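Next up is a structure, given as structure tokens.
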Amino acid sequence: MKAEMNEWIQKADVLIEALPYFRTFSGTTVVIKYGGQAMVSDALKRSVIMDIVLLRYVGINPILVHGGGADVTRLMNRLGKEAVFSEGLRVTDAETIEVVEMVLMGKVNKEIVSLVNQYGGKAVGISGKDADLIRARRRPPAGDAKCPVDLGFVGEIERVNPKVIHTLTCGGYIPVISSVGIGPKGESLNINADHVAGQLAASLKAEKLILLTDVEGIYADFTDPASLISALPKDRALAMIRAGQINQGMIPKVQACLTALEGGVGRTHIVDGRISHSLLLEIFTDQGIGTMVSAGP
Amino acid sequence: MKAEMNEWIQKADVLIEALPYFRTFSGTTVVIKYGGQAMVSDALKRSVIMDIVLLRYVGINPILVHGGGADVTRLMNRLGKEAVFSEGLRVTDAETIEVVEMVLMGKVNKEIVSLVNQYGGKAVGISGKDADLIRARRRPPAGDAKCPVDLGFVGEIERVNPKVIHTLTCGGYIPVISSVGIGPKGESLNINADHVAGQLAASLKAEKLILLTDVEGIYADFTDPASLISALPKDRALAMIRAGQINQGMIPKVQACLTALEGGVGRTHIVDGRISHSLLLEIFTDQGIGTMVSAGP
Amino acid sequence: MKAEMNEWIQKADVLIEALPYFRTFSGTTVVIKYGGQAMVSDALKRSVIMDIVLLRYVGINPILVHGGGADVTRLMNRLGKEAVFSEGLRVTDAETIEVVEMVLMGKVNKEIVSLVNQYGGKAVGISGKDADLIRARRRPPAGDAKCPVDLGFVGEIERVNPKVIHTLTCGGYIPVISSVGIGPKGESLNINADHVAGQLAASLKAEKLILLTDVEGIYADFTDPASLISALPKDRALAMIRAGQINQGMIPKVQACLTALEGGVGRTHIVDGRISHSLLLEIFTDQGIGTMVSAGP
Amino acid sequence: MKAEMNEWIQKADVLIEALPYFRTFSGTTVVIKYGGQAMVSDALKRSVIMDIVLLRYVGINPILVHGGGADVTRLMNRLGKEAVFSEGLRVTDAETIEVVEMVLMGKVNKEIVSLVNQYGGKAVGISGKDADLIRARRRPPAGDAKCPVDLGFVGEIERVNPKVIHTLTCGGYIPVISSVGIGPKGESLNINADHVAGQLAASLKAEKLILLTDVEGIYADFTDPASLISALPKDRALAMIRAGQINQGMIPKVQACLTALEGGVGRTHIVDGRISHSLLLEIFTDQGIGTMVSAGP
Amino acid sequence: MKAEMNEWIQKADVLIEALPYFRTFSGTTVVIKYGGQAMVSDALKRSVIMDIVLLRYVGINPILVHGGGADVTRLMNRLGKEAVFSEGLRVTDAETIEVVEMVLMGKVNKEIVSLVNQYGGKAVGISGKDADLIRARRRPPAGDAKCPVDLGFVGEIERVNPKVIHTLTCGGYIPVISSVGIGPKGESLNINADHVAGQLAASLKAEKLILLTDVEGIYADFTDPASLISALPKDRALAMIRAGQINQGMIPKVQACLTALEGGVGRTHIVDGRISHSLLLEIFTDQGIGTMVSAGP
Amino acid sequence: MKAEMNEWIQKADVLIEALPYFRTFSGTTVVIKYGGQAMVSDALKRSVIMDIVLLRYVGINPILVHGGGADVTRLMNRLGKEAVFSEGLRVTDAETIEVVEMVLMGKVNKEIVSLVNQYGGKAVGISGKDADLIRARRRPPAGDAKCPVDLGFVGEIERVNPKVIHTLTCGGYIPVISSVGIGPKGESLNINADHVAGQLAASLKAEKLILLTDVEGIYADFTDPASLISALPKDRALAMIRAGQINQGMIPKVQACLTALEGGVGRTHIVDGRISHSLLLEIFTDQGIGTMVSAGP
């Protein structure tokens, strides 16, 4: 009994340690790009979702954005269709966009919503088509100028209309958003989920943008794990992209951070989603984890 | 010019004729089950959607509920899976419910949302899993007692929690709802969309429930098109079901009407969705169309 | 039955044709100066009032302004008093202003209010004295400088205080306003109803000002009905007034349009009230009818 | 200076004496029937109006109801029409009701509104036709059964719809109401102003109903000024009416009190409007003035 | 670094463990009687205050009630006045009540307020005299009937008027309340702080009442620490009081629990304030700590 | 009876005379520094408190600020502690500030609150520590540079956070504020109450600041009572302070006025609290009383 009591008291001490962070972030909005291992492993999935529900209970407004690459490819394969990529971008024909949308909204989104609700949150899942949330245009063809490849139904964000997000958060809901936008003719367009998160954070004037990924953060030398950068000023980030020092998959994440920073977001973070409670660690410890991309030096 | 003017004046007269109906229904809620041909033919689709947008502009709150049988079967087939039915109910194994959910939320729902938005409404599409809208339990096995067939992920509604619907309609949105509910373990359950519409109408104390279908209404003798019944009191409806006079596909619709009536809904209608503007005709003409199922004689 | 149904469907098509206009004007304010034949003929009266009630039901805020010349003169005559005019303006002695106010508020205003309510709207009729709506000063004497004629209780608007209009429209009411203002000593002043409409439109930042009159609009040559002008830019309007090309009774209407445009009103229209549903035709057709006076060319 | 100061201090003492009454009545509604000498003499008029403005400033909601007999008769005469009465009720033909309405809304009502605004209140004047405030039916013919006289456009109240009163008082306005109601065909009906006040008080659940009149109150013996009754229980009032002890003009006032009491109004008063500040004396002194008609003994 | 990270992750796990309790208690009101050692030891003081601030950040409304016995006696002594007790109640003459009030409101209350604000809460400290919060009457003389002792300015609660509490909590404040009430003549009355907490909990329909004290809870045999009772049904509590099994100082606490339970409070707890984070342990562990007095068995 | 009636009518006339002032000040905020004789004499106390309650009933928001010098010294003496002053400022050691706070919050403040409530107002008393209302810093040592005296816990205002004042006035309460602020370490600091009043008036953008004192106002020559200044422009006030023409105790009052004027307060007044109803006389007479310190000449 005594021992149990002491253990409890230590736990209460931990809650109390978090108090200054509750004070700092209470009432703020945090946009979270959910993806990678954290969306695959059951344990990590639960960990992320519980972190998000906790954030809401302590007065923070989490907004979740997700993509769903692996599941898309899986269904494509089952349908006997091969995935084609051009310079890292999925070539998305009419059939593919249909699969993308079904997997994102009908599988991934609802799984997340269901988990959030199971852990005591109240989630509502929507896509960029609902309430005209994300207007997009076709992305120009990729490939070199001589031999461009039509990417099909791949979009770039034109305008975010965040009114529905406010309606939902004011109603007490946690919005969960699929990275599908609406094109000029009402067609669905596949949009990079990092970009969606960055633009949403900007249009919501979020306090933080957190992008979960499967590496520790950005490395000065991406072949050397010891070269992790804790704080990356905007100018250095741009220089590193130009110099080819940031690897392919990381580029949209860094771009999302820069978009958010330009839109007035306070802080942006690229965080290792393979660590359990990575969100809480980022928000509720002084050092944070991963790489913080910041406006100033 | 003169001729044109006269034509316009006649059109204005038509608007004015609708005025008494605007007065009567302004501020009320109408739950609409969208399905059948009206969801297949492009012209009918546009007609229904524009009717719904119009209803919203004249002060009525339309709530849309949809299923999506044909699209589900099509994707099942493409995946090399055969649809199995037991007494008219789809036997829904784990793989099937995944397909159902993807098709409903990721294809049908978003198509409807997109069309509504294109015609000037503001739609948000959700499923019964969002915001815990529809809690369901597994439906008991079908088949005769000796040889029951486990229907799998097929559900019956336990409880509707319409708070999110109010949040959305107050925010100016038209809710579009997929007929998927959430089971006791967080699993998705396939629910009859007519039943969803009936329960939602009841829990929202809707003014009207309108179920679109592919026949003119209920026939006294379903082999005789001349025997269409305009007004069907509840007691006669029950008697006809017991006597086997109402055909298989119509039964859940009649049940939905009865559920709604018990829940305090004013009027319930089974309407021919193959007629263009069937919704406006039902609401904005004195006689209405199709069969009205009513509480009293 | 079939025929009837087809007719209904055609009517529904007409409603649907109006949808884009509902979208455009929903939530906007339209100030309407009601007068002329449309206030005399019973059929036209009903047509205008029903148009107004319809506007309200489709989400537009109509504000009605009226004068009442003919009725005033009639009561004057019955009281054995002759109407005196100086340069088109009624010379208004103490007895006359009393008659004006009684006829406007006690007869014309309440008839309009009663009709609106009969057709399903909720009207409240007030004058410029209520809630200090229209503060006015005496209009300087008319006539040539040598021999000016004191116009008596005729006023010019000094300041419009539209708070009571907002209170009424927020409460769901259609305001009906008599063109009587309040002078510096609390006395009633007779004000040109076109001017009242123009100033109200300006102070409410209305979307549209529509002035009903008994001609088709403004003519380039007012002796030639074929010379009707559809769109009249502000500068040309001013030039035509200076050149004496706009006839006497039309001048205050054009002035009202100019006042409204300066105050930020989007569009101003002089419309033939002798056509039935002239308001709907102006608002709900692309070409509109009558003459639009506009800020730019 | 000293003397002046002392005088001021005595005045401040008077304000302070009123404090307990401010406490008691702050936030309550008082319906006042304004009529008689208090509407004729300029000094009394100002006194009543200032009392009303003061009530509003100390947190009480005054609602004014008025008739206008003398002015009506005067205009009738000027129009060469004779006033006809049957058992104390004005026989009101179509021409007469038009005159009544013009005089009430266009003259009396606006004069009151103007005075209130001049003394710092914010009044809005409406009739029973505005916002459907007072629905009435034709009063059955007067006269003995054998030889009934059709009273014409004279009405009895069917239903009061006080929503517009709430809209106005919430907006900070003092409603001033003419005793004209709306009949089943939209026609104007002349209604006894005492009755209007009584019904309004009942439907607003007013704290007090105060009827200004030209006598001190009700007399036990109306030939003997010394027999003034301070407090008249409902039962005795009924008995006195039955016994013919209450004179003709006083009967509708007593009826109004009884209607109000039945509707839950706290206290009802018949007060001498010839005394200056009669309203303040009634409300802000312990004894009150005039006759209080009360529910219990 | 790795080690540090693991430690953080364990801390995050602790936060997550608290999640189900956040869900359960979010939005509820908890009345806390603060006293004893927890108000003396600096470390315990900080622990209680931080617990309270944390409760507010996770969406719970804590209401603090305090007395201040020791400080009162200390000031009494410094003023050369001896404390007199009669049957455990302080005999409170005019001078004593002045000292009580000064110490409670001017010292104890403001120290608590200041600490709460220092740890990031927003406290406002009031007494039962502010906003007429606690109306009380003199407590009847204590002592045996033959020789009663006048207790002086000691009060019993007559009525709690919790409006000001709602005003403060809606404004985001944590109310801190001194146990002084207001007597019929406006005089201050010293009231038992446990009783104040119990009545406040009842009138606020609080979820929980927690009374901090300096023992572990209630003992079946108060000479035997091993006989601590975890759950004490109301009936047994009453029986134990009657049987003299509950010691003197504990009686008002048990009475406060019973008052609260009668008023509809969910759960009431007597908790050992000498344990750090006793509030969090009570609320955020399944077993709770101390003795729960409950309505049912 | 007649005589009594006439007296009443004269009293009503007095109420009516106040009407223009009610109009002018309705809805405004008036900060009142309460002190001196008006806080000592029972009759004056009642007079001030009733004035304040009256102000609230006629729609003005009074905010009361008080110090409490005499009571502090009295308790100090009873505790055998001598009051030490340096250049007119109380040297405030740790024991003294404790006494100050106890007397102000626990005695003076609650007495005022209790009186206001007794006369029908709803007061809530707080100090500058509640809700972080007044942040202060230690005042630099007084005395000449060579031999400074540490004043101890005496503070200067750094920042006023008036949110809690708005919460209270919106809830219908009259805030009563003790002049104690909170220092950087959470310690209590004794602040000049005139300064608190001036800063509060500035941060609330009050309409008026009124400082009650025990002289008639400011004298041109403070040895000559006939030299009372009615209106003192800011520049002359500064010049008089520099010239040593304003006596010691009056200086903080003049400074408070200047602070308020700089903060945008309309008018500031130094008023003789020994006159009964001095507040009403200042606000509700055209000349006012005492000295008005004004921004312009």
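Think of it as A, B, C, D, E and F in the order they're written, each chain with its own count starting at 1.
The working rule: a residue touches a chain if its C-beta (ideal position, glycine included) is under 8 Å from a C-beta of that chain, and two chains touch if they have at least 3 such contacts.
Owing to the predicted nature of the structure, the values given are computational and were not obtained by experimental measurement.
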| item | value |
| --- | --- |
| Furthest chain, CA centroid comparison against chain A | D |
| Listed pair (A-E, C-D or A-B) duplicating the D-F contact set, over half by residue number | A-E |
| Homomeric contact chain C-chain D: same or different residue positions, threshold half | same |
| Whole-Å separation of chain centres (CA-atom averages), chain C against chain E | 69 |
| CA centroid of chain B to CA centroid of chain E, Å | 56 |
| Residues of chain F whose C-beta touches two or more other chains | none |
| Chain contact graph, described as a line, ring, star, complete graph or other shape | ring |
| Cyclic chain order when read starting with chain D and heading to chain F | D, F, E, A, B, C |
| For the chain B and chain A complex, residues of the former touching the latter | 75, 78-79, 98, 101-107, 109-110, 113-115, 117-118, 122-127, 129-132, 163-164, 167-168, 170-171, 173, 180, 182, 186, 188 |
| Partner chain D, residues of chain F touching it in the complex | 5, 8-9, 11-20, 22-23, 26, 47, 50-51, 53-54, 57-59, 119-120, 275-277, 280-281, 284-285, 289 |
